[in-house]
């Protein structure tokens, strides 16, 4: 019997070598797997490259991972949000490398990694400083810049419900980057608010089929249910 | 009030110039918009380029469109299926141009068109006759072939339910290419078996948001409902 | 602003500017509203006119802010503010959301800007203050991908410097993308490589408007005839 | 076949071959089964062993054929045969389906073939009969994308020609993709640039198996020791 539910966050995440690349779902606080990020801290892995749309806020989750010095490089579209003081301190003191990527290009680079597309072209950023040095292609008289797939060793996902095969559904705008990062990493781990029996999730409405998920942990948050 | 429902198939499709490119959803007979294809025949448009996974069967729908000589070129992954005699006759007598595209590359080329990606790379077909003459890119020691976006002037979609904003759901494996072609054409028309009130379709389970749909026609097929 | 306007000239306030832009959005358009002032436009779409609002974090059919006791923690807009979903709305993931943006499916995007140039260049994401980390978000995707890009901004900076310029001094968000600019003093189209003034707030003179820009302006033909 | 096999050598029939392959598929694998014989493998997965079957037309969790009176017109597999969905199954569109294939998410694909070469090349989509239109379907995507590609085929053609070859004569589906071949006479791994026989049907001799191939075979070490 396939059962991807783990007994603990540590078991769900498994060991992680230093220097790994970790993809985080979430848009700001919404749909970010804070408890799994705490588990990521517990692995002790350092020199991480972290891919996330934002750079955390306050002193929890991603911000705490940064504060503890586990991250070497951040690949991100909008690191500066309300409360992102830890990121800003690290960045301005030169202790954190930043690769800034337009939000849609960030999503598409991970989608490409998940879909076996090593590179693609986009008009986004053409004519701007973010396109400097990148190969271009002209198609029908318009110029596009080449972008490369962005894959991870580990993806951390926040989902609303999951079953033992790893099928996932999300809640509202909590979906955001989660289904994308789930496809793009060697190992994908999801924290789910609700456990569904196999067959209980509508096959027409499953957003992330279990093929993309290696491990799940059930973390009910009763106050939100 | 936005209301994309048309009163007739002719109104839904609108005028279509000769030489247009038409994208068809469907996988074999499943999820192919046969009634809209009949409407396509009625437009009288000729010299069409048709993109579809298969080449029709029997003498209905796509096969009839071919038989009537409206199609100049077919872009297709698997034209030869049981009953595809009209296609085979036209092809072997040299009256129909065929561009053969691997199924996943066909889907991705249309997805790319819909997503504003003019070109991408894939390992599919590398080292085969279908990659001959195409530009290649080496990434991490592996060779990939460049494929270009494939867009249409018109896309014909079969969906299960739709609302007046053009939001669509599909039934089972009837989904197939339909949500992809819907994104890739200048004008997208859907035939739906069921009409939903606005707000009735679950926002978490809408597969094609109405932004991709220009016109709908309600064609209930009671015997299948 | 340090610019002294003649008596009787009332620059449009934030809500008046948002309302002015909302009035120009036809029913049935799919529209992405940028963070800040553009977000306010949603509140000024005339009742009964169906305009479908897109948010890059995976929402079509954004609705108004919810009452305090009906906040859904998982439902925020691109500015991370709590919102609602209207009937007919839908959720999707970021790759699908940017398919809508990059693929040219949005009828309109309205963004704020530091500068807009005569050729439609827009600069709205970075300054030369290198002490702060840069942040681009979806601005470049939206500017390059939407069918139309309108800019909503003050006519000049707080220091009185022109924001309508011959060439952007700040880093570009996208070249040649803007088709229309709504400022607190005027509405300008960008066409044939220049700014055309199609409307000024009451009492405003073309001469002063020109003095507040670092690029040549011209009056729209019907206005020029009566100027 | 025109090849005369020694008395007592029983080539595996279609179902026996499908069952032999099914026995090697571990629980938890995501597997795409090609049209034809590979499709039969589904019927031979041992009861209780959860193997998740993928179909390129947008299905994970393919189940058995339905009873005649429970056929769903919208539910077919890649070979256009009516199927069912098992609990835990899901539907998705073609781009997502080929994300699974091209992105290396399938543990295994089993395809039929005209020829397999010593270096793992597979030819299974086109012959030199130009009177018929070519058709490739998802074969190239599957061969290039799945983590493992196994081939299920007869050992020789109906005319007795070898299908295990030094180099494919038919147009390639993918280079270097096959890791294992199940024929009606033997099971062979492709490793270190050659065929290694890991199993033969009862009574079959290595010498005859070699005679029926157009490429050198070798015995797996444990078998070679007792050969």
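In this document, chain identifiers A, B, C and D correspond to the written order of the chains, with residue numbering beginning at 1 in each.
The working rule: a residue touches a chain if its C-beta (ideal position, glycine included) is under 8 Å from a C-beta of that chain, and two chains touch if they have at least 3 such contacts.
As the structure is a computational prediction, the values presented were derived from the model and not from experiment.
Common partners of subunit A and subunit C, by the touch rule above, are B. Here the chain-to-chain distance from subunit C to subunit D, counted in touching steps, is 2.
Relative to the C-alpha centre of subunit C, the farthest chain centre belongs to D. Mean C-alpha positions place subunit A and subunit D at a centre distance of 36 Å. Put simply, the C-alpha centre of subunit A and that of subunit B have 32 angstrom between them. Centre to centre, using the average C-alpha position, subunit B and subunit D are separated by 30 Å. Among the residues of subunit D, those in touch with two or more other chains are 85, 91-92, 95, 98, 101-102, 145. Residue positions of subunit B with contacts to 2 or more other chains are 108, 111, 115-117, 122-123, 170-172, 203-204, 207.
Pairwise chain contacts in this structure: A-B, A-C, A-D, B-C, B-D.
Against subunit D, the residues of subunit B that register as touching in their complex are 27-31, 53, 55, 77-82, 87-88, 91-92, 98, 100-105, 107-108, 110-111, 122-130, 170-180, 207, 224. Partner subunit D is touched in their complex by these residues of subunit A: 1-2, 111, 113-117, 163-165, 167, 183, 198-199, 201, 203-204, 206, 209-212. Put simply, subunit C touches subunit A in their complex at residues 55-59, 72-76, 80, 85, 91-95, 97-98, 101-102, 126, 131-141, 144-145, 171-176. Every residue of subunit D that touches subunit A in the complex is listed here, in rising order: 27-28, 30, 48, 50, 52, 54, 60-61, 85-92, 95, 98-106, 145. Residue ranges on subunit A touching subunit B, taken from their complex, read 108, 112, 115-123, 137, 139-140, 142, 144, 148, 169-172, 202-205, 207.
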